[in-house]
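One structure, as structure tokens, below. Some questions next.
As written, the chain order gives the labels A, B, C and D, with residue 1 at the start of each chain.
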């Protein structure tokens, strides 16, 4: 998802009337490292919102509930579009629901935690119930990389390679203390203190090793994360956000 | 595996400020430097019709992060070169830098399928250094838990060997039994897998009711269930045909290769540390040492069947332990801070994979001056290169699984 | 403690022993020079009254001023473990003959000892690093190797790719020829 | 009205232009469609009627394409659940009733994954190999008789077409393995080539005896010859052939114990190692479509394709009842049909509800009504099924065919849950040393028997 180095301002037209300028691809360059991902905003040229602030990034027009009730926004259906940043979002929800219900882990275990990872997939506590089986042997077909066990400096390269070989969208679960923080081998000369030095981690499952139930809980949390990637849907601005202190 | 090393400089992954030649993350089956040893130059030179096939460090069939470079001719394995160290955690260095009590937790994850044995040998060595007399109840508890763990390890081995041969179901049946055992051990140790249970001069905590009730329930059906699981595989023609006459190991070779444990006994050598060099209360217990392959050495099927026999023997031992378990304390009286007199000690136990030894040098401080851990699967893994020549790729899995390696122990 | 074994060893290896035969608990310990290793071990392995046919362990030891290689062997003729200590290897250039001719299974143990201590076993035809990556410069288990300089604390977080693109012989030179980015 | 005004007021000038245009387009399109049907329609119908064969062919292909993917989903779900229960697990049970939608979800997920092409792969071949694999599977459906008249194209060389198209699968697998530029893929592709090519021969030979008996190569007439009692099924006249066909077909479909091409523990995922996204999905589905095809073929050849095991009409004739023949002609009822449709549910609901209400007056009436309604639904569905079963024989045929085919699918899944994997040399040795001579023996015995019977 390409965007300008200075994030969302350039992607959002100052004036909605000159919308197509935003769609000018020449203004899109590669993301600078460490830049925050901002959604590409489809400039609305067909109708003016009752809450232009939502498009200009200045926040809701109403800060108090009484102003909202005083206005006629609640009577019209245009209010529900008030704060949406991206218009075609419902399809993404469906896709996320699909993805969260079939998370195929990669069949790769590093050390002790691998045994508990296998135990989480076996009869007693059955990970397959959430569609997290079969373990794919090839990283090309896996969705989740469960890093189970101590990561050594010699294994770091191959693990990065596995992570790069997995096709997007992919997620990483750090299982065990060694992968979360270095664990009991933090002092060693050949281990890496936590895999978040190497790759982005979505869910940490501490424990040495964590029980299979712990891993399953982490995977369910990952599913929730996949679903709520863009924020919690029910709160997604049916009406403008109202501060808590009102 | 297929890309060629690019030229140009890149920052070293050790230190980004260092510029190195070549390309990051390029996997090279053939090392990108000239061969350093005779063996390496012999292995990494191909005759026509041969090609290298790299397995691992992440491969479904290499138990853990073992990497094996196969030199294959069609489907036939001409030669192979195991590359270790992808799980090397420097445990020995950590042990030399930690307190005698901490060492028990440091060595736990070495043989993570049977952790208690990795605690047992160091603890025995420290007790020799300190001249501690372990209470007999503690010894009995050690034997009891150890044999339970031996059973779970052998049962997992049964499932794994079936999984590597393509059978889906046995591994799940094995894990049912294994979960039962580790749950009952967790009842006294508090952990499912890396029990930090043995202590210098005893064990940490006495048997409790939950353990005994779980053990009773399990023992009531263990033997029958084990026979059922065995029947699932031993009566399968495909399984037997794939295991028989594969990787035959004869007596002299096994001894010369310094093999130990079931792999040695399946080659016809009745060597078991529990009998050959008695420790703990094993002299008081009545059990047999199953031996196979006395005529011309043992193959993979022998190695598999021998472990299945050992499970029966372990069940016998557990039964005896439960019957003549003495009363009394489970810990000897010891000071908190242990400073043994300078000296050297060596203790070895019979782990599920063979002789598990520990060699400790004390220099009078509260940390060992040198601590060497001898892991059986490290030595047994050498047999892979010996037994696999001329077999097919599929047999590679059968032989490797039948040797029962645990990478945590191999790489320390 | 097996007294007859002690007398047997003292009579058989009277000229080889560099120290007294020590016995403690269930272990008997003899010290020899690295030059006599092959001879002594062959005798221990072959002679029927000794017949130590199982090599239980091979360990390297770095006592701050010199190095040792410790062998544990087992025999059915005695209830004791026999510990053979090859003593007095210089730290700057530790060399000792390899036992792979007698026990081929000692190959990996010697590789491990070489990897951890830098002890060179002459005659081992595959003396590579077995645990650490091939270009690793130092020997971790030596006493002058301190834990704080472990790889995990290096600026790159200890990330190291699979096969280094430099030969181990050049590794030390490489360290010297570092080109530091501005 | 105010809302409309507000919306119109909210429109920008641009929007004020665009929206009316949209409305105009929406109006004009249906008009155009109607005109097209009025003037071009009859001519189109003439064209279609004049060459019905082509139309039937196209329709059949469309139907097959629509049918194959759901079949794959059903079989994947079946495999997940059956193997789970064999492993004493529960299996997927979160999405859909009993997890029935898990395979569908997995398929859609694969569809939304990144489609990855390795840098050093042969792009064209890498892209088209999965298509070829899947296409061959789908094309095989064309000649399978699902029921009387339910055959895509009743070729008189159906068997030849079947083996020709089925043999093309190996080309796809080989291309996939070769173009991935991965040694595991290469090994997998070559293994599948060796395996499928050597099992193609006993597979074909085992059917030749059947062809001698049936005097035809059309699957449809082979099916028709097995009508009547189940003793007419060819499995009783060709038991050895059926056995050989089953074994060889298992190897053809790359199923356990012959799944060397995607042996997880040996070559990571075989020819599919480098495939991701929907290309992997194609390979994945093709495997399961193959399973269904193989089961359908076994059913068609040896287990009396769409014939019921018992000849119900013969029994009726024996007993003396005329065979039930119902011809549905709802149109004849006229307006009465409407009354019937309106009245029957109400009346039957009350009738079914009455006993419950009389049995427990204490319970509120709506409960018994609900119970009656559900009961009526059950009865009505059952009755409708029986009616269609009796009145349209293709419904009966389809039911029996699917029942038999999925019984064999279950057998394949069962084998997958049970057997380990055979070794490659055992595999080839079995094909050439045992299956091929057995197939030849079967062929000779059949020919000799035919000659003898003719001479008598």
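Structure notes:
Here is the rule we go by: contacts are C-beta pairs under 8 Å (C-beta built on N, C-alpha and C of every residue); 3 or more make two chains touch, one makes a residue touch a chain.
What you see is a predicted model, and the numbers here were worked out from it, not measured in a lab.
When the interfaces B-C and A-B are ranked by C-beta pairs in contact, the top one is B-C.
Comparing each chain's Cα centroid with the centroid of every protein Cα atom identifies chain B as the most central. With each centre defined as the average position of its C-alpha atoms, the distance from chain B to chain C rounds to 22 Å. Chain A and chain B have CA centres that are 40 Å apart.
We define each chain's centre as the mean of its Cα atoms; on that basis chain A and chain D are separated by 38 Å. With centres taken as mean Cα positions, chain C sits 51 Å from chain A. Residues of chain B in contact with two or more other chains: 13, 24-25, 27, 60, 85, 88, 90, 93-94, 97, 172-173, 176, 411.
The residues of chain D that reach two or more other chains are 87-89, 264, 268, listed in rising order. Touching of two or more other chains is recorded for residues 107, 122-123, 137, 154, 156-158, 160-161, 187-191 of chain A.
If you check each pair of chains against the touch rule, the ones that pass are A-B, A-C, A-D, B-C, B-D. Residues of chain B touching chain A in their complex: 13, 24-25, 27, 57-58, 60, 64-65, 85-91, 93-94, 97, 105-106, 109, 112-113, 156, 171-173, 175-176, 178-179, 192-194, 407-408, 411. Against chain D, the residues of chain B that register as touching in their complex are 1-3, 51, 53-54, 59-61, 75, 162-169, 172-173, 176, 236, 238-239, 241-242, 392-397. Within the complex formed with chain B, the chain C residues making contact are 24-27, 29, 53-57, 59-63, 70, 72, 74, 76, 79, 81, 83, 102-109, 112, 116, 125-134, 140-141, 145, 147, 150-151, 154-156, 158-169, 174, 178-181.
Note for the complex: chain D touches chain A at residues 3, 6-7, 10-12, 14-15, 18-19, 80, 84, 87-95, 99, 102, 105-106, 108-110, 112-116, 264, 268-269, 272-277, 280. Residue ranges of chain C in contact with chain A, taken from their complex: 131-133, 140, 145, 147, 149-152, 157-162.
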